[in-house]
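Quick heads-up: structures coming right below.
Both of the next two complexes hold chain A, though its partner changes from chain B to chain C.
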Partner chain A sequence: MSLAQLLLNGLALGSAYALVALGFVLVLNATGSINFAQGDMVMLGGYVAIALARLLDLSGLAVLPLVTLAMAGFGLLFSMLAWRPFRRRPPISGLLATVALGLTLQEAMNALEGAAPQAGPTLIGTGEIHLGPLGLSRASLGILVACLVLGSAQGWLLGRTQFGRRLRASAQDPVTARALGLPVDRLIATSFALAAALAGAVGLLLSGPYFVTPTSGNDLILRAYVAVTIGGWGSLKGAVVGALLIALFESVVAGYASSVVATASLYGLVLVLLAVRPAGLFPEPFGRRA
Partner chain B sequence: MKAFVRPAPLVGLAIAGWLLVVVATGSGYEQRLMALAASSALMAIGYQLVFGQVGALSLAQGACFAIGAYAAGILGGRLGWPIWLELPAAILLPALLAAVAHGPVRRLDGHYFALATLGLAVLVRLVAVDAQGLTGGANGLIGVPPLPVGWLGLSRGAGTMLAGWTLAGIGAGLALWLKRGGNGPTLALVRDDPALARASGLDPGRIRTQGFVLAAGFAGAGGALQAHVLGLVSPDVAEFSVMVGCLAMVVIGGRGSVAGGVLGALLIGHLPEWLRPLGSSYRIAYGLGLFVCLLVAPAGLVGSLERFWPRRSMPAPLAVTTSLPRPDAVLRVDGIGKSYGGIAVLHGISLELRPGEIVGLIGPNGSGKTTLINLVGGQDRPDRGRITLGTARLDGLSADRIARAGIARSFQSVAVPDAMMPTDLVMAALAAREGRAGFGHALAIASLRGEAAALLRRVGVDSDCPLEGGSVRLVDIARALALDPAVLLLDEPAAGLDPAERDRLGTLLRALATEGRALLVVEHDMVFLMGLADRIAVLLDGRIARAGTADEVRADPRVRAAYLGEPSA
Partner chain C sequence: MLVVAGATAAADPVRLPILVPVTGFLSLEGTSQRNGALLALQQAPAGLAVTGEVVDTATAPENAVNALLRVLDGGPVPAVVASMLGTQMLALMPMAADEKLPLLTVSGTASLTEKGNPWVFRFFPSDRLAKEAHVRYAVEQLGKRKLALVYQTTAYGQSGATYIAASAKRHGADLVFSEGIDTDVKDLAPILKRASTSGADALLLHLHAGPTALAIRQIAALGIALPVIAGSALHQPATAALLDPKELKGICAESAASPVSGGSPRMTKFLADYRAAFGADPDAYALAQYDGTEMLLDVLAQGARTGEAVRAALASKSWDGIAMRYASDGHGDMAHSVVILCYDGVTRIPQIVRRYDGLDVAAAD
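Right, the complex of A and B next:
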């Protein structure tokens, strides 16, 4: 494959990782704590999309709003289980609660659907689009477009709206935010719902080209975690850049050498990067959260 | 007798009883399960040192376990090393790797440290799966010899199990020994507030290195034991689920507690077995079970058990004589400047503090007072200029070295970590003074408590009272005094104190100066400062606008303009 083609593939793959990382950052910015079940939510979103498309006999595009709505409801439920009881405890308890719930989710889907990979609906049909010598599948195009739309929507929501300002204020100092009359708990539940809805959309997008298995969330959350950390804890821009960097290695380095070399050099680079920039590529301006 | 009601001996006794029952009933399956639980227990005990005690989220503990297992598989299995040579190698190898790897990541905090250790874990997994010649790749290694337990006269399963738990018992004893005595408060401060620890003269990086290396050694022992029990090494040992299991063990057992790590290992090891009657859905119940444990036992199993016991009685404080004051030395700040993101906050500040002198530092909000204290105390580095104490140059040194060199500071807003009593905080700083505080460094806890109580009495705080209001700031001053500093930097010490407390503070600061210490006091309360300070420096827009006696400063038109809003003539 040509370098340009590998770069294009990397861009599409990186967009998918970026969408997972953005959901992770949304909860991180709202609560200061980590949702390690974000990858499993993407997996669940994929299965929900498959079930709905099968049940209602609809195309991917038509199923999209239903999946996001259903997953938003799941996000509310998830915040009641994984966040509310743990909000006054050390952050590590909440983190492990999301790990335990994610594990439960994986095993539940394994019992319901089995471990075999399943293909979901595609967003805008199948087949390739040719741009000169380069080919891009319609599924990848869908992911690229979705990443642009959803990513900028999230950036706008957090950075430019009153909701986003309140969310960031309540994460930085929940006590003061409460004293100022902000409905902190409701804001946080909303951000979980948004993150889950985002996961639903990503699950649908990925289920077409990459299939879904009960454990497919594990690889995604690992990449999201790496992307968010090397990008700079809590930075949206950093998360996207980090995700693209990972995908670049998985596509270009793996294309020229092998996937083993790609993984080894990626994590080698991560170690070097951390030694040089101990707070990530785009360090947060304010104090670090646990 | 009372000591036996503590968790560690009780858990030890319970396990001994359990082992006896298993030996007596002779179930080979249960023996194997228990032997494997011993290998996890070793990993979890070690993880309590780095994660539980120091509070560093290392994600490489599973990888160190894998290195131990492969060491046993390659050295003991393939090369035929005897166990007395192979086991130490399996412990030293991951510990050595941890020591080397911790160098470059020493500066990292929180999740950046976690990611760096995750990177290590991924690289170890890559070697396990892809270095066919060394690790057998996806096939793993077979033919790891069983432990030589024949001379015990028991069945191989029972002998292996007892040998495994002997190893775990030795490990538990070692871990308890490492964190004994006065190290408790030191480790708690490093875990709960690294910045405050650094200002108290402790080096969190060094203590974390110790914890990380020790934890790796424990994991190596556990991995080797597992390889001997199974008779093979599978690349699954390098999977991330081992690490997640280890995390679950210490959190469910009770973070920081050796007994908790052991209990967690037993529980996680047996949970799949106990849930087997549920059939194929047992793995769902396993995930839910973990969640419920986290929900109902926030302090872990040991924490829940401890609620039924009376609090451990503390050793009585020893009466102590106050130590001699440090040699006199002049603090010279020479032309230091600092910018943040291109905005200059301080422009070439020069200042001199002589022994026995109290200098007040005033200035409107944002004039750079706290920045100046941060630069002198080492919380931040100056862009230019030099800072010397006597003949020692201090700018660019880390905060803990500056603190041990004789410059202590208090903070404008302090939050004493929740679980710490005032005495603990002061004891941590007292321990730091010796410069070697950390794992395995025994401190005479009774005399430390005595010294801490004396310092707290001196600032006027009752050491057994919960903290409230302004007394937090007084405790922070006691913590700073624990370093026996030549120079004391105080950031708004009088804020939040009532008039009576304020008077007492003034008397205390005078007394400290009389001992030959130099004091730099940042304060908004002009009246308090005017009566106290020998000299006053006024900071305006990052420059010292005026320095002199209280009267001279008060008469300066620029100071009046800045403070009273009068137009400067």
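Right, the complex of A and C next:
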């Protein structure tokens, strides 16, 4: 398999990881705490997509807005359960609450749907598209396009809108933000909704080509965590770069050596990075969470 | 705990604990094991009053031990339907020896019956036998001598890979490519491509259900033309359901049985009964546990009530099950047949193309 093909495969897979990492960073930036259930939200999004596609007999593309909407609602509920009751407690309380809710989600889906993998709808059909000597599945193309659109939309929302400015302000200094009249709690709840909506989109995108099981979120949250560690806590750009780096290891290094070597060398690199650049590739200027 | 009564209830029914993993990563297979046992109980011989008690063992060995302690607190039992998870069986086996309690399982972990514990009865071919058939089909039936193997880096995968390597050597085949992958690897294309260009003339897969489906999908997308023989995960209807029939074209797999393929009036009846009872298609684990429980119920119907009496009967008798004829080899291995099934690219119902019986001698190292 050529290097170009391996890079293309890695780019497509990395795009999906990047979307998971972006949702992770969104909540991290809003609350200063880690949402360990982000991967489980992706899993839930996959099951919601399968259920909606089956119930309404719709294509993946048609189901996408419905999944993001449903998951946004779930995100609000999640914030009420996992963040609101613990917002004045030490961050570890909120973190553990997300772990508990994530495990609850896994067991609930196991009870409802069983442990067998299930295949969801694909965004733009099945089959391969050939670009000269390179091949790309339609599912991977869908992931790439969706990542570009959703990632850009998130960047625009956080960086260019009043909502984004308010969100960042309340995350950086919630006390001052409240004193200035910003609805900090509502902004944070909205962050959870956005992160869950993003998770829903990724869940749909991954459920077609890679299937979904009640525990499939576990792998994703680990990758998101590592991506954010590599990229720098709280950095959107860093999360994307970190996620792409992970996927490139999984595709390119596995292509030339083996997947065991790919995994070992990736985590070896993470250790080196932690030693020489502990704040990540793109550290926050004030290093609040580093 | 779920309690199910079989046949006509009478005074002092026999208690039959069913300790199986219905939650956790093995819940798909564990649910099949449970359902197979429950269906057998529903069809218990007339006059035998037996009560099944289902306890979830999840995935930790200590859960299985606690489950057994709980059921033993309720009084003596003549035997236990025990978890198909090898690590849980290993934890239960010393207790079974202490309590003189037969454990009926469908675990494939070969070492269970290699420890000299006379209380274990396995109604499913061990990994050693399954991988023997896996390799023999590639070498003897397809005439392939250069094999590529992609396996899982879990205990299940590594154990199977060891048996495949030994079997290939025994049959004069070269393992020209052998690589393990973690269960969370999504992009299998680089590995599959390297396997296909390694000089191999057949590709063996020994993966869990999800990765098996993922590999077959990517093999189809890459246009890899090598004959592919997968592990038993593919025979599970839930695994095949993930794939388009066209992606399955020409793919084969080893398994203890393939209930959805039919093949005999008894199998057809089992299939219909199972679907009616559970609203799902049975797999080989369900059938194996059904057969094993049927044999146990027959032993109970003949009057055995103690663990020792049940052990003696299971160790000495044979049973014509639906999947195969079961008889102990002296170590508790009751199942000695493996089938190879292949998909035609039109439906997800495989056809059995080869059956290997009496594999014990051939598989001995």
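The rule we apply is simple: the second predicted complex is superposed on the first by the 288 of 290 C-alpha atoms of A that agree within 3 Å, B and C clash if a C-alpha of one lies under 4 Å from a C-alpha of the other, contacts with A are read in each partner's own complex, and residues count from 1 in each chain.
Quick note on the criterion: contacts are C-beta pairs under 8 Å (C-beta built on N, C-alpha and C of every residue); 3 or more make two chains touch, one makes a residue touch a chain.
Worth saying up front: this structure is predicted, and the values here are computed from it rather than measured.
*Asks:* Touch check for A:S93: first (chain B), second (chain C), both, or neither?
*Replies:* Once the two structures are laid over each other on A, A:S93 reaches chain B alone.
*Asks:* Where does A:S33 make contact in the superposed view: on chain B (first), on chain C (second), on both, or on neither?
*Replies:* Neither partner.
*Asks:* For A:T122, using the defined touch cut-off, is the partner it touches chain B, chain C, both, or neither? Pick first, second, both or neither.
*Replies:* In the superposition, A:T122 touches no partner, neither chain B nor chain C.
*Asks:* Based on the superposed arrangement, let me know which partner A:E107 touches: chain B (first), chain C (second), both, or neither?
*Replies:* In the superposition, A:E107 contacts both chain B and chain C.
*Asks:* Touch check for A:G255: first (chain B), second (chain C), both, or neither?
*Replies:* It touches chain C, and chain B stays clear.
*Asks:* Output check: A:T263 vs chain B and chain C. Expected answer is one of first, second, both, neither. What do you get?
*Replies:* The answer is both, since A:T263 touches chain B and chain C.
*Asks:* Is A:L6 touching anything from chain B or chain C once the two structures are fitted on A? First, second, both or neither.
*Replies:* second
*Asks:* Per the contact definition in the header, classify A:A279: touching chain B only (first), chain C only (second), both, or neither.
*Replies:* First partner only, chain B.
*Asks:* Which residues of chain A are in contact with chain B in one complex and with chain C in the other?
*Replies:* 107, 110-111, 218, 260, 263.
*Asks:* How about chain B: which of its residues touch chain A in the complex?
*Replies:* So the residues of chain B touching chain A come out as 57, 104-105, 107-112, 114-116, 118-120, 122-123, 126, 130, 240, 244, 247-248, 251, 255, 280-281, 283-284, 286-288, 290-291, 294-295, 298.
*Asks:* Okay, in this complex, where on chain C does chain A touch?
*Replies:* Within the complex, chain C contacts chain A at residues 23-28, 31, 153, 179-182, 184-187, 189-191, 193-194, 209-210, 213-214, 217, 221, 236, 238-239, 241-242, 244.
*Asks:* Quick one: which bits of chain A touch chain C in the complex? Just the residue numbers, please.
*Replies:* Going by the criterion above, the answer is residues 1, 6, 9-10, 13, 107, 110-111, 114-119, 126, 128, 135, 137, 209-211, 213, 215, 218-219, 247, 250-252, 254-256, 258-260, 263.
*Asks:* Quick one: which bits of chain A touch chain B in the complex? Just the residue numbers, please.
*Replies:* The contact residues of chain A facing chain B are 34, 81, 85-86, 89-90, 92-93, 96-97, 99-108, 110-111, 218, 222, 225-226, 229-230, 233, 260, 263-264, 267-268, 270-271, 274-275, 278-280, 288, 290.
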